[in-house]
């Protein structure tokens, strides 16, 4: 069967997990926008202090770090450190033709733990909780990359 | 036809858009280098203050934030938040076999709005202009990811 | 032959280089964790100052920038600026069916120079050394992207 066909359940599993993670990352950009509007601050560029329709009364403090905005930026950076590599590793992994149940456990497991990590970070849980929810995703990344590496070296 | 052949106009469209966006991101690294040399500052690592051939007269201020360098770093970070996900979403999207005109509108439209966003950010236009040029790209990302997700769920 | 088969030496070359680079990026997350534990600091979120099992005696200074942790964060950011684009560009490049020796030189050459760049950054070598080891990887990225772009435009 065509490896990249959506009729191939392995590839369909990858596409579902990958699109959800892309949407998650894009959502962080919009959440940053929402919180900048709510806080009316947390901006980053000097030009954001110009008087415009959306910022009728600029104040220098709008360029200061805003806790609510900065939390989303940290979550976003954590996504940038993880999701692009998940998108690549998951793709290489499904191309090695693993069993479907293993692919589902790893790919959907990654999605679930990343969403749980997001909730824990957003609601400022203890570092331990955050670490506990970040770790499985990172181990899945390592597992899938090693799996692909070994398959390619042994081919 | 082979989905990943350049003879396939859908895939060729993706490759053109993707390579342009990769080159755009890489160009930000070089632009950072150029501006660090012009400003003779905006460095980030303590060791960059050592006296060397390219930095014959080091000064502590070289580690301070330099506005011209920092602007490129912000643009670069914005690229990191967007382009890797475009590269993945565009790939998944063309694999669902959409119509060629739709693929061209979305993929080339993304490239054009990202380049316009870059110019607006580089020249410090109002936040509104920047937001207006960032939004279409983000909506295209969301559209392509949802499209791939729905296709995979319905397969 | 199936372009995405590991029996295809071009694709196997890509998978080896790509998985090594994914593992490299993931290793930076773990190295950050190791150094945060060693320094007992370099944290980023206010909630990391709560008294917990792993942080029995919190101090406000734990949120200050820690040189040893921050170095890894800078290396990690440099990876984010480079590796996702390598993963995409290398994939597009091998799909254009280049000669195997060229693919091996570029893909393995990228891996080797990135690892050397990591060592130079980690051990705080002069900026010149770091730049010298960063440049080949960036040129390889540009070469592979231009190659794919020209192949797609000429198809």
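Note that the chains are named A, B and C in the order they appear, and that numbering of residues resets to 1 at the start of each chain.
Assume a residue touches a chain if its C-beta (ideal position, glycine included) is under 8 Å from a C-beta of that chain, and two chains touch if they have at least 3 such contacts.
Everything numeric here is computed off the predicted structure, so don't read it as measured data.
Visitor: Rotation angle for the CA superposition of chain A on chain B, to the nearest 5°?
Guide: To bring chain A onto chain B, one rotates by 120 degrees.
Visitor: For the two copies chain C and chain B, is the contact made of the same residues on each side, with over half of the numbers shared, or of different residues?
Guide: different
Visitor: Could you state the distance in Å from the CA-based centre of chain B to that of chain C?
Guide: From the centre of chain B to the centre of chain C is 17 Å.
Visitor: Which chain C residues sit where two or more other chains touch them?
Guide: 4, 80, 84 - these are the residues of chain C that touch more than one other chain.
Visitor: Could you please specify the touching residues of chain A with respect to chain C in the complex?
Guide: Residues in contact with chain C: 3-4, 67, 71, 74, 80-82, 84-85, 88-89, 92, 95-96, 121, 124-128, 131, 138, 141-142, 145-146, 148-149, 151-153, 155.
Visitor: Going by the contact rule set out above, which residues of chain B touch chain C in the complex?
Guide: Spelled out, the residues of chain B in touch with chain C are 2, 4, 6-7, 12, 15-16, 18-20, 22-23, 25-26, 28-30, 33, 43-48, 50, 52-55, 76, 80, 83-84, 87.
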